[in-house]
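Please read the structure below before turning to the comments.
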Amino acid sequence: MGNEIGAPVEAEIERRIRESFDRQGLMAHLGAALHVIRRGVVSIRMPFRSELSQQHGYFHAGGASAIADSAGGYAGYTLFPQQSSVLTVEFKVNLLNPAKGDVLEAVGHVVKSGRTLTVCRLEVFAESAGSQMLVATGQQTLICMAGRPDVPA
Amino acid sequence: MGNEIGAPVEAEIERRIRESFDRQGLMAHLGAALHVIRRGVVSIRMPFRSELSQQHGYFHAGGASAIADSAGGYAGYTLFPQQSSVLTVEFKVNLLNPAKGDVLEAVGHVVKSGRTLTVCRLEVFAESAGSQMLVATGQQTLICMAGRPDVPA
Amino acid sequence: MGNEIGAPVEAEIERRIRESFDRQGLMAHLGAALHVIRRGVVSIRMPFRSELSQQHGYFHAGGASAIADSAGGYAGYTLFPQQSSVLTVEFKVNLLNPAKGDVLEAVGHVVKSGRTLTVCRLEVFAESAGSQMLVATGQQTLICMAGRPDVPA
Amino acid sequence: MGNEIGAPVEAEIERRIRESFDRQGLMAHLGAALHVIRRGVVSIRMPFRSELSQQHGYFHAGGASAIADSAGGYAGYTLFPQQSSVLTVEFKVNLLNPAKGDVLEAVGHVVKSGRTLTVCRLEVFAESAGSQMLVATGQQTLICMAGRPDVPA
């Protein structure tokens, strides 16, 4: 398997990410699901329902940010050593267009992977009748907690 | 009533904010409730439950960000003209400490209110056994959509 | 001429940008020069000298941010109407690698152009002996001041 | 001496910061000078001159950001162990008002100091005829490079 961003991940890495995702109660509560899992690239999809809306009836930026944050976190995690966990240091998102559509897909993409810190680009697309529109773009800093397995304390 | 940040708001403004908040399906879904509504300052509280967790069992940053975003948005909205609505342009949060506790409280605080753009400081506190800890701090830019009432299109 | 991002700009737009850039005393003081001017894409280059250094002898993040901010601002400005000026609302940069090299090049790239607000991606590359390295990546929000020509008040 | 934010610093810490600042060629080039040095709080002042201007004749956001970045960096550095250096991971600034006046003063203020990462609030004030106006507000993440003295490699 290649080492470049976007290459397939080992089964063990995919397993660790799926298990970690399944422990994120919020993702299930939002109806979000892992979609793409590749080296340095993870996406999460979340179908619309009224429980995810803001005051005008579109997706709330908070839900979009939640899946963007998780997508970026797991994108970074695909490149971390085995006994480690990932925490978000900070993130920033710009909301570009009303997030209306049938499904949101958040994509996290590693821009720079370091021993301690990793930086991701975040993008959120809204899908409507098969067409995609970029509705949010962001940037995120992650920290690798080496030697601290990704399980509840 | 005073015009300074933190002064009481008129009943009409409080009514508009409560109605708008009640239209945010996501806030109900997260179990979040409006707490403080003052001129340029709004806070939202969200009790812990496992549906809000990340992989280590604490509050997920996405939920914390969602209530911070809404708190800042409504803090700005208290200062907007009557026929207008508020949209988040962008926000950035730093996650300072694990968000563990019984309740999260997000506080939005207007730093600069302009005709078109408003900037807020965002703070999220975790409460545990009566003590509060700052777990996230952020900054947010809002835009006032003048002449566009805050109702679904 | 095409309308897509990266297409050539009209001579009049290039002239307005060069004149505006020449009024930015800071750019001359930093030894920075306009390089690429295309629709929605502007780059600025700044050769190293010790007056631009931070404490370890590399380019100071402040200088890198200054040319990134201007590059993004003018990238947005290529798409603005004739009687208008551009102001930066906010920007965020992540410093990915030590900014060491012979020259820094900052590239601003429009991600979303709106009537009032425009969002750019910012990238800063350090060049050393012909090879380029990404040393900073950022995101910027601009506002179009319609009807306010880009000249001193 | 107290340990709280804002308490006086030991002479040794002040000496290290002044030496480090003096190695920042950019600060001298911008005409910037250290002003306040306290535990977790550092400010830098920069008088206006046309070499610092943007296209409308005010302070360029790049210069304001440069001194804000350094002020925050040294604010964090006051709390770091002796054999260490400080690097900026990322920062974000909102430009609130035109930066016009006789002097800019940037204040960095530690919000959370950790073993690896430190978060600062950044504020930039413009002074005109004795009155101060907040012209920019920001947030910054620093990393402590333990065991790596703050000198050129």
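Lettered A, B, C and D in written order, each chain numbered from 1.
The criterion applied here is as follows: contacts are C-beta pairs under 8 Å (C-beta built on N, C-alpha and C of every residue); 3 or more make two chains touch, one makes a residue touch a chain.
What you are looking at is a predicted structure, and each value in this text was computed from that prediction instead of being measured.
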item	value
Of all other chains, the one whose Cα centre sits farthest from subunit A	D
Contact-richer chain pair (by C-beta pairs counted) among B-D and B-C	B-D
Length of the line joining the C-alpha centres of subunit A and subunit B, rounded to whole Å	23
Centre-to-centre distance between subunit D and subunit B (centres being mean Cα positions), rounded to whole Å	29
Inter-centroid spacing, subunit C versus subunit B (mean Cα positions, whole Å)	33
Multi-partner residues of subunit A (each touching 2 or more other chains)	89-90, 92, 94, 119, 139, 141
List of subunit A residues in touch with subunit D within their complex	89-90, 92, 116-117, 119, 139, 141, 143
Sites on subunit A touched by subunit C in the complex	92, 94, 96-97, 111-112, 119, 121, 134, 137-139, 141
Subunit C-touching residues of subunit D, taken from the complex the two chains share	20-21, 23-30, 49-57, 60-63, 65-67, 69-70, 85, 87-95, 150-153
